[in-house]
Each structure stands twice: as structure tokens, then as C-alpha cells.
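You will see two complexes here that share chain A, one where it goes with chain B and one where it goes with chain C.
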Partner chain A sequence: MRFRPLGVFAVFYLAFLYAPILLLPIFAFNDGTVIAFPLRGFTFGWFAQLGEIPALHSATLNSLIIASSTAVLSTCLGLFAARAATRYRFPLKGGIMGFIMLPLVLPEVIVAISLLVVLMQLGLNTSVFTIILGHTLLCMPFAIAILQGSFSGLDQSLEEAAMDLGETRSGAFRLVILPLVVPGIIASLLICFIISLDEFIIAFFLSGNEPTLPVYLWGLMRFPAQLPVVMALGTVLVGLSIVLLLVANWFRKRGLRKAGQEDTGGFL
Partner chain B sequence: MAQGLSRDARLGLITVSPALVFAVLLLAVPLFTIVLFSFWTQNFLEIDRTFTLANYAEALTDPLYRALMMRSLRIAASVTAVTVVLAFPIAYYISFHVRPEKKALWLFLITIPFWTSYLIRIFLWRVILAYDGPVNGTLVELGIIDEPLSFILYNANSVIITLAHAFAPFAILPIFVSLEKIDRSFLEAAKDLGEGTAMTFLRVTLPLAMPGVLAAVLIVFIPTVGDYVTPRLVGGSGGTMIANMIYVQIFDLSNRPMGATLAVVAMATVTITLAWAILHVRFWVYLSDRVGGGLPGLALVGVAAAIDIGVLWWLWHYGPALFGSAGSLGIMAAIMGGGAILIALLLPKGRWGI
Partner chain C sequence: MSGPLISLRDVNKYYGEYHALRGITAEIGAGEFFSLLGPSGCGKTTLLRAIAGFEDISGGTITLSGKDMKGVPPNKRPTNMVFQSYAIFPHLSVEQNVGFGLRKSGMSPSEKTKAIGAALEMVGLGQYGKRAAHALSGGQRQRVALARALILKPKVLLLDEPLSALDRKMREDMQVELMKLQREVGITFILVTHDQEEALVMSDRIAVMFEGEIAQLADPEVLYRKPATKRVADFIGVMNFLPARAGDGLEVAGLGRVDMEGVYCPQGDVSGACSVGLRPETLSLLYDGETARARETEGVIDEVVYYGDMTYYDVRLEGLEEPVRLSMRNMVGRDVMTVGQTARVAWDPRAMVVFPG
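And now, the complex of A and B:
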């Protein structure tokens, strides 16, 4: 081991990255109302309390509706854009793709207030539907990035062979290309679901009186007595994200293997 | 459809159109609307649609807005510096010292926390950094400090720590990508020609990794300027940033035009600052190369940077007394914008890719 200092630094850095999500379950199972060490004992009580809050249930329902719709919508739009970006050369390609990917770097607050101002101006009420639109805008670049990975590995001669054998352009796409990118589509659906489920700013600005889970959680954070419940709910959310992420990663790797590409390790 | 387009181009445009139309309707139109709003004023319950620059005059001269904007830039710059400096060794470690079959696993490990709830992670930092939290508890227990530290929560420091955590993968990934692209035979060549490990790193690896570092700077700096949650949860009154003020204007004061103006000013400030910084880096690299790099190059760059930044710092602090608020801002904009344009026109792209 010649480069030990760097290795030690890497381990400390990982500890820094994981500190918050490792501490979270510790406090969620701690039998005390104060979030501090020393710990007081083990309890499932805070998780049990989650079942008794009706407002939480409607927030969960809202979140699930929003996350599923966003996943489907942004993956569909992403499919078109990723296909165009990998298969065709068209004028202003760089500018158009750059513009579609812009929400990736734009501060979310800017996106949220500009959407809000337009909605208010049009006299529309903020609702679950408006959050879906905002989240789709945010998730589309991620869907495109993932799907571009799947499309770019494909051999174009497969599609040409299908067309030479008499398939129409759309038939070749549906029967040859689509099955090959299914793992990418599933990975994109899951990643968009995770992003939408955890997204706070746009949901906070656009939710009106239909809060999502993170918005509900934000409300809870103001009450010191509710903090253990916040920890329990947080543990559930973080656990769910990690499980979905592992599944998505499995599909992404499968897709890469199908396309005969190497794993570059990540969705970004 | 235009006849001049090839079949390929036509199909491409048609295929991209659903996503493009969506982005135009939900991004371009709203962004255009807030620019429009920034020229209107709130008149009690109604919006006065006469064109005016009054909002901009207020946003640029009111000491409160100026202080918040300046603090947002300062915090974002600190976060960017901390994140990139911490991320570089990690990216370097993964690229050069981790076995190829383990690289994907390391990258995945680094991105996992990023995919969990942003709100929860930031809230946990409040718990970690708290007066009776784990950090202070451990330090007191070990006898390193007698009293819990109070300067690590509810101020700008805690905002910087928390944001540096939140944006870590955004900095690591681009740097890693540019390190992976480096042809390893360059490093061997440098060694064969007698360069030591440190000099090889400084003269070969680092310059070749600069495009990744710059991408990391952009990806971290732009979103952090407009962060809302972190200052609210861990910032206290000393860590409030411009996004919090935008929220207050729109929701608490119902002054949408002012909120829109602040948003436009924030975006414009970020753009000007980044353009200034990137083009001055080009200028400084050019200066350093002119004298052959090494220590003389570093010294020259140090002097040039000190003058560049010093002039702007002086104008920001003492300009208003001499030229008035608007006057000093105008002079600053002229120096920053003019300088950037001159550099862009006169100097070619350097070897750092900018």
C-alpha cells in the first residue's frame, strides 16, 4: 500500500458523506424525545406514531401520485429527446439539448418562482397537477442522461437490418430498439420517481393546500416535540430511496451489459 | 416544413419536439414572465403594468438586498472552493489508485447519499452541528474543548459545511471524468524525462484535469447561490441568503414584481461573476505562460489577481461614498464586463479549455 494517506482521506470522506443518513436511523429508534446523545434505549414507537397521523396519509398519497406521474411523463419525453440526440443530426442540436438540460444547473428557486408567477397570472390554482408539471421539467434531464446511455450503445445496423427486411421505421423502433432499451427505461422511471418523491422546493412553492411528503415533513420540523417522528419518517424515506436506487442501478447495469458497454458507475 | 432540411434533420427535429415544447412552455415562458414582472410594480392588491426600472434601482441600492446578494456570492464561492478542494483528492484516488473493476462501485458509493432526501440530509446537519449534538459531544468528551462550540451552527459556516456535503458528487464526477481521460503515457513520459512525482502532478496532471475542475465549479456555484433550504434550516440570521428574501417578497409581502426582480438580479450577478472569473483565469494562465510558468509565473498571477480583485473590492466598499450607489455599480459593471470582453476578444482559448 504505497498511497496510504489518500486512501485514509477517501475513507474519512465517505464517512463525511454518509454521516447524516447513518445517524438518522439511530435517532429514529432512540427512546427519547430529545435528539442528542447519549441514547436512551430502543423503540419502534416513533414509527408506530406515523400510522396515526391522517394528514401524513394524504401527503403520502399525493407524493405517490406525483412521483408516479412524473416518472412516466418525464421518461416518455426523455425517450423522444434521447432518441433524437443519439440518432439524428439536426440544426441547433447543441442549443436545443442544452436548453432542455438547463434545469439541471438552474437554481430550483428560480424555476419554482417563475412557474408560480405564471400560474398566478393565469389564475390557475396550485395543485398536485402543477407539481407534476414542475417535477417533470426537473426530472427530464436525468431521464435523458440515462436513456442516452442506453441508446448510444446500440448498433445502428440492427435497425437498418429490420428496415431492409421490410419493417417500417416505427415498426423497427418498436420491435428492435425499444426492447433493447427497456432496462434503461426502467432505470429512468425509478430515478425520476426517487427525485420527485424527495423533491422539496418546487413542491413547497407550488403545493397550495395539497402538501407532498417533504412539504409535510418541513412543517413538522418546526415543532421540537415532533422531531423523533421527523426522524422516523425520514428513515422511511431514505430507506425507500436507497432500495429504489439499488434496483435502478441493477437495471442500468443490465442494460449496459446488453449493449456490451462498460459500467461507468453512476446515473449522472 | 422547410424544404432545405435533410430528411435526417427533419426527423430529428420532430423527434425532439415534444421535450422541446414542454421545456419552452414550462421554462422559457416562465423565465420570460419573471423578466417582464421585474419591470412592473406592486400597487397594493393590483399589479401596475407601467414599465419602470424602480425595482432594479431598489434591488441594487438597498443595503439589505446588497448585503444578501454579496453574502450569497461569498457563501457560494466558499462552498465551491471547499467542495472542489475536497473532491479533487477523491476523484484522483478513484481514478489513479482504485483498481479498474472497483471504480464503478466507488462512484456508486459516492452518489448514494445524493439520491436520498435533500431536506432530511440538511436537517440532520442541524442535529449533527447542534450545541448538544454529536460533534460537540465527542470533542468535549475527548477533552479537546471545554465548552461546546457555538460557531458551527446558525451562521454562514454551517451553511458552507452543509452545502459542501450536498454538492460533493457534483464536483467529484466531472473531475473524475477529466482525470480518466488523461493518457497515462504522458505521466510516464514526464517521469522518464526526469520530473519528480510532485512536479509531474503540478505540470501534467493538474493542467489536464482543469476542464473537469471548471465544470465542477460551474455545477456547484450556480445552484448554491440560489439555495433556499440550507440557509433556512442551519443558517440562522447570519446565514440568510438571497433565495430566502425572494421567498419573503413573494409569499410574505405579496410583492411578486420585487421577488421577480431579485431573481433576475441574482441570475445576472451569477452570470457576470462567472464570466468575469472564467475569462480572468484565462488571462492569468496567459500571463503565467508568458514568463515561463513556475514561481515567476505564480508571482505575476498573484499580483495581477490582487489588483483585479482589489479594484473591485475597493469600489464595492468605498465607491458608493464617492460615486453614489448606482455610479459605483456602473463602474464595477463596466470594469468587469469590459475586461471580460477584451480578454475574450484578444486572448485565444488557453490550454485549460477556457
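And now, the complex of A and C:
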């Protein structure tokens, strides 16, 4: 076979991206407390231990509450923004949309510190609630990007046709527009959920004494004996993320198919 | 009720500074097939959307069966629209699409089913009720859009370039079908199109629009034979424009002197420089043994365009920069002439339309 530099590059690229993640499940099933080769044997023990740590359970619960709330909140807000951006013309539209999308490129540490400062000034305590606010800020751009895709694929005449056939403006939205963007809404919910679930920096700054799962994981790292448990937990999280992503993508594709549109690939 | 079904009085529309409709006044009768014809950006779609209620007008009145439509939303107007994109709801079946407008009709489910069946039958889609809308071809979508609009028995059906997405053959079939359908249901159709041929074929009357104004409103034959302005003449079909000078009689370049009597001057008497319009079919080539009924001249054939049933010739006449175009029906015993051949051309002053300038 011919030597292909780009092919080699691709292999290295993928290896760097995914090899570390592959180590996660390997050591999660390894029967030994030291994270090093050679492997010692196969065990489900670390996974079993996950079930016996109350602090882990409360962190998980926090994370689930935060991720669900964030998903709902950012998707609702994103729905308004995406609809406005695709349907209406208003002054400073470009500027306003750019401003909303800004958290996408702002360093998260900066956002986290600023949020913390603001909360302190307002005299609010860090809590699950404040993390939800931070995460919503972070997830909004993703929600908007996904939903904008759904909205912009819609023929503007659809809504007019519904109104022409006797529906009111709200009826047209409910009966025609909403069903067609539902797949986008579901995709947005799932993606925001994943982003929030995995997010560390903002959660770390704003969590106070109510750690989320990633923050709790970070805490565990201080105890070398706990490392295999971290690996096991990491494995579970990676698995969950992949499943959610696949589901989200499936919904997105189904939506496109239903609307009879071409798949142009990618979430964003 | 007598009187026109729709009357437009001094309808104006501004988009900011842009004057999209400039004092449109027209009356459209019940059961009429009326077309708004013009190049893109002439305001024809804006006018249609104003009648449907999707655009507020800046001035003037739109009256429908004697009622002023000001402030009446689209869902309360006795009009229905076939959109350019057809706007078929992709998440619904054909039946659900067609029945969409019946939601608020108060019909029982069995009545609805019957009405939907009848509407689909009318557009020749009787077997397609259960199909998913996005699985339809362009022509089928068009029919669904028609059935969906007609099922509500509107007083006026508005059609926004309904045939522009179809290929030529399909378009010609649909033109005939639309005309038949219109006669059957007896509803007023208002068609927006940029295709002059389509407008000529289908309409009872046509309003030709340029830059937000109606340039001429007439039936197809008048529009074609007696265009009101040079621009209308140029837009509708093909017309040769020959430079001329009017004074004591009309001196036409390439053809010669003509009496002013008998020539048609839509914009009143002309004097000085003017331009004479002649349709290609009013000119003809003379074969051996044939004589002109009115006048004849000689020219050299510059180009031959063969269409099967017709042949178009561009012929250079002495004293004319541009060749004139003429069309001949191809017949047995009449050979197609070739480029470079000298030919006699018959013409008739009565076919002339004279425009100033």
C-alpha cells in the first residue's frame, strides 16, 4: 500500500484523542489499586464500591438536578432566541445574537470567577441553584445553535399557510411549527444535559458545599487508593454521554427525515 | 350581490422608503381568472399577499364582497392561497394536510372524511390520502396545495407562481388543468406569474405590472395585439421594434412609407422620432408564386431557428441595423429557407403598433 502522510496523521490524531479515554475502562476493571501496567486481573469490585458511597450519591443527585434544570431552562430560552433570530428582523440583531453566543468562546474560568464575584456582591450563597444559572449561561449558545438549525430549515410559508387555512398565529405555531422543531428541542435538551453533567470549572467555583459529580470526582483524586473508583465512575459517565449523544443525534436525524430535508451533518 | 368581488382602490405599500405598490386600482369580478403579470420585484406578489392579508397596506382600500378588509387577519378572510413553495405541512399525511382548514368548520368526522375525499378526487389524487406529504412529487404537492385551499370553498383562490417549480411538460398540463378546475368550481382565481405565456394561456384578464404600477389591464388578446406601451409590448411575447419618423405619414426604416391611417397608436398621435412594433407572425416569407396581401420588401436571411412546428427567421432588411424576427408555420411543400438566402418578406401596416420615442 502507498504511504499516505495524511492517513498516518489521522491515526495519530485519533489515538491522542481517544487513547486516554480507553484507559478509563481498562483500569476500572483492573483488580489492583495502582494505576499502572501490567494489569492484575478482572473485577467488578470498583463498580460495586460506587454503590456504597453516600457522598457520591448526593453529588450524583445534585448533578442530575442541575443538568435537568439547565437543559430545560436553556432550551426554553434558546427556543425564543432561535425563533426570533430566524423569523424576525430587528435592529442590532447580529450584535444581540453574537452577544448571546459569547459564552461559547469566553474562557470558562473567567466566566466562573465573574459569576462568583457577582454572587458574592449580591449576597447570594453558592448552591445548586447558582450552578444552574451558570450552566444555563454556558448551555444557551449550544441550545440556540441546535434550535436555529431546526427553525431555519422551515419554510416560512408553512406558518402563513396555517394562518391562511383559518388558524390564529398561536394555533399555527402550535400545530405546525412546534411539531416540526420537536426533534431539535429534544436534541437540545439532551446536549445541554450532557454539557451540564460534565461541566467542572463553573461547578467547582459555584458549588459551595453541594458538589456536583465532576467536582466530587476531582476531590477523590486526592486519595490514591480511590483512583480505581474514579476510573469506574469515569467509565460510567463516558458511557452515559455517548448514549445520550447517540440518542440526540437520532432525534435530530428523524426530525430532518420527517420534514423531508437533507441531512447536512453535525449538531452545530 | 352585484358589482365586483374584489375592488382595489389606490392601494399603496411602502417598505420603509421603498414604494412597492403605487396606487393600484382594479376591479376583479366573481368567477374571473385574473393574472398579475410582471418581472420579479414589480410588486405582484406583494399585491397578492396584501389581498390575502399577509401584508398591511400603507394606503388605499381593498374591498372583498363589499367589505373593507382593513385589519382583517388572513384567517378571517374569504381567500385561500396556494404558495409558491406549496407549503405542504411535512409532518402530516396528505389527508391531514387537505383537512387542515376544516378544524374549525364544525363538521363531523364523517363529513370531513367525505369532504377530504371529494377534494382529493377533484385534483386527481383520490388514492393518495394516506401518503406522507414529504413523499410526494412536485406536481402532487401542487395538487395537495390546491385541494387544501379549495376545500374551504373560498370566494377567491390566490396562486403565487404555482407552476414555476414544475418542469415544462408538467407545467403545460397543469395550466390546462387549472383552467378546467377554475371553470368547474367557479371561484375567482388570482394568479401571480412572471411567465407571460402562462398568463396569456390561462387568464380572462391580465394586469401587467412594472415597478409597483399597473401598466396595462386587459384581456390576453388586447394585451398581445394592442400593448399600451413599448415596455408592455416588449414584455409580452416577441416584438420587433423598428425606428421610424412620423410626420406627414410614417417613414419606417427598412420598410418604407406608410399612411398614418390604420396604424395603431396606443399613446395617442405621434410625431417625430418613434418606434414601430411588429409581431413576428405578422411578417412572413414569400415563396415562389406567392404574393403579399399588403406590402412586401426584400431581405437576407441571417439566422434560422427551427422548432419543428414553427421556424423563426431573423432577416436583415436594407436600412435596418438589427434583423427583424419573423415566424413561419412549417407546412408540406414549404421548405425551410437557409441562412444567406435572399427572401421576400410580406408585411402589413395594419399590424403596426406605433410608440413615441
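Note that in this section the second predicted complex is superposed on the first by the 260 of 268 C-alpha atoms of A that agree within 3 Å, B and C clash if a C-alpha of one lies under 4 Å from a C-alpha of the other, contacts with A are read in each partner's own complex, and residues count from 1 in each chain.
Criterion: a contact is a pair of C-beta atoms (placed from the backbone, for glycine too) under 8 Å apart; a residue touches a chain by one contact, two chains touch by 3 or more.
Bear in mind that the values here come from a model prediction, so they are computed numbers and not experimental data.
When the two structures are aligned on the shared chain, A:Ile100 is found in touch with chain B, with no touch to chain C. Applying the stated contact rule after C-alpha superposition, one finds that A:Pro179 touches chain C and leaves chain B untouched. Using the contact criterion defined above for the overlaid structures, shared-chain residue A:Leu158 touches chain C, although it does not reach chain B. In the superposition on chain A, A:Glu167 makes contact with chain C only, while chain B stays out of contact range. In the superposition on chain A, A:Ile113 makes contact with chain B only, while chain C stays out of contact range.
Put chain B and chain C next to each other and count what each touches on chain A; the higher total goes to B. Contacts of A:Val247 after superposition: neither chain B nor chain C is touched. The touching residues of chain A, when paired with chain C in their complex, are 155, 157-158, 160-168, 175-176, 179-180, 258-260.
Those residues of chain B that touch chain A in the complex are listed here as 5, 8-13, 15-20, 22-23, 26-31, 33-34, 37, 86, 89-90, 92-94, 97, 103-113, 115-121, 123-125, 127-128, 130, 132-134, 137, 165, 168-170, 173, 218-219, 222-223, 225-229, 233, 243, 246-247, 250, 256, 259-260, 263, 266-267.
Considering their complex, residues 52, 54, 73-75, 79-81, 83-85, 87, 89-91, 100-101, 103-104, 133-135, 148-149, 152 of chain C touch chain A.
By the touch rule above, chain A contacts chain B in their complex via residues 3, 6-7, 9-10, 13-14, 16-21, 23-24, 27, 34-37, 76-78, 80-81, 83-85, 87-91, 93, 96-97, 99-100, 102-103, 105-111, 113-118, 120-121, 133-134, 136-137, 140, 144, 191, 194-195, 198-201, 214, 217-218, 221, 230, 234, 237-238, 241-242, 245, 249, 263-268.
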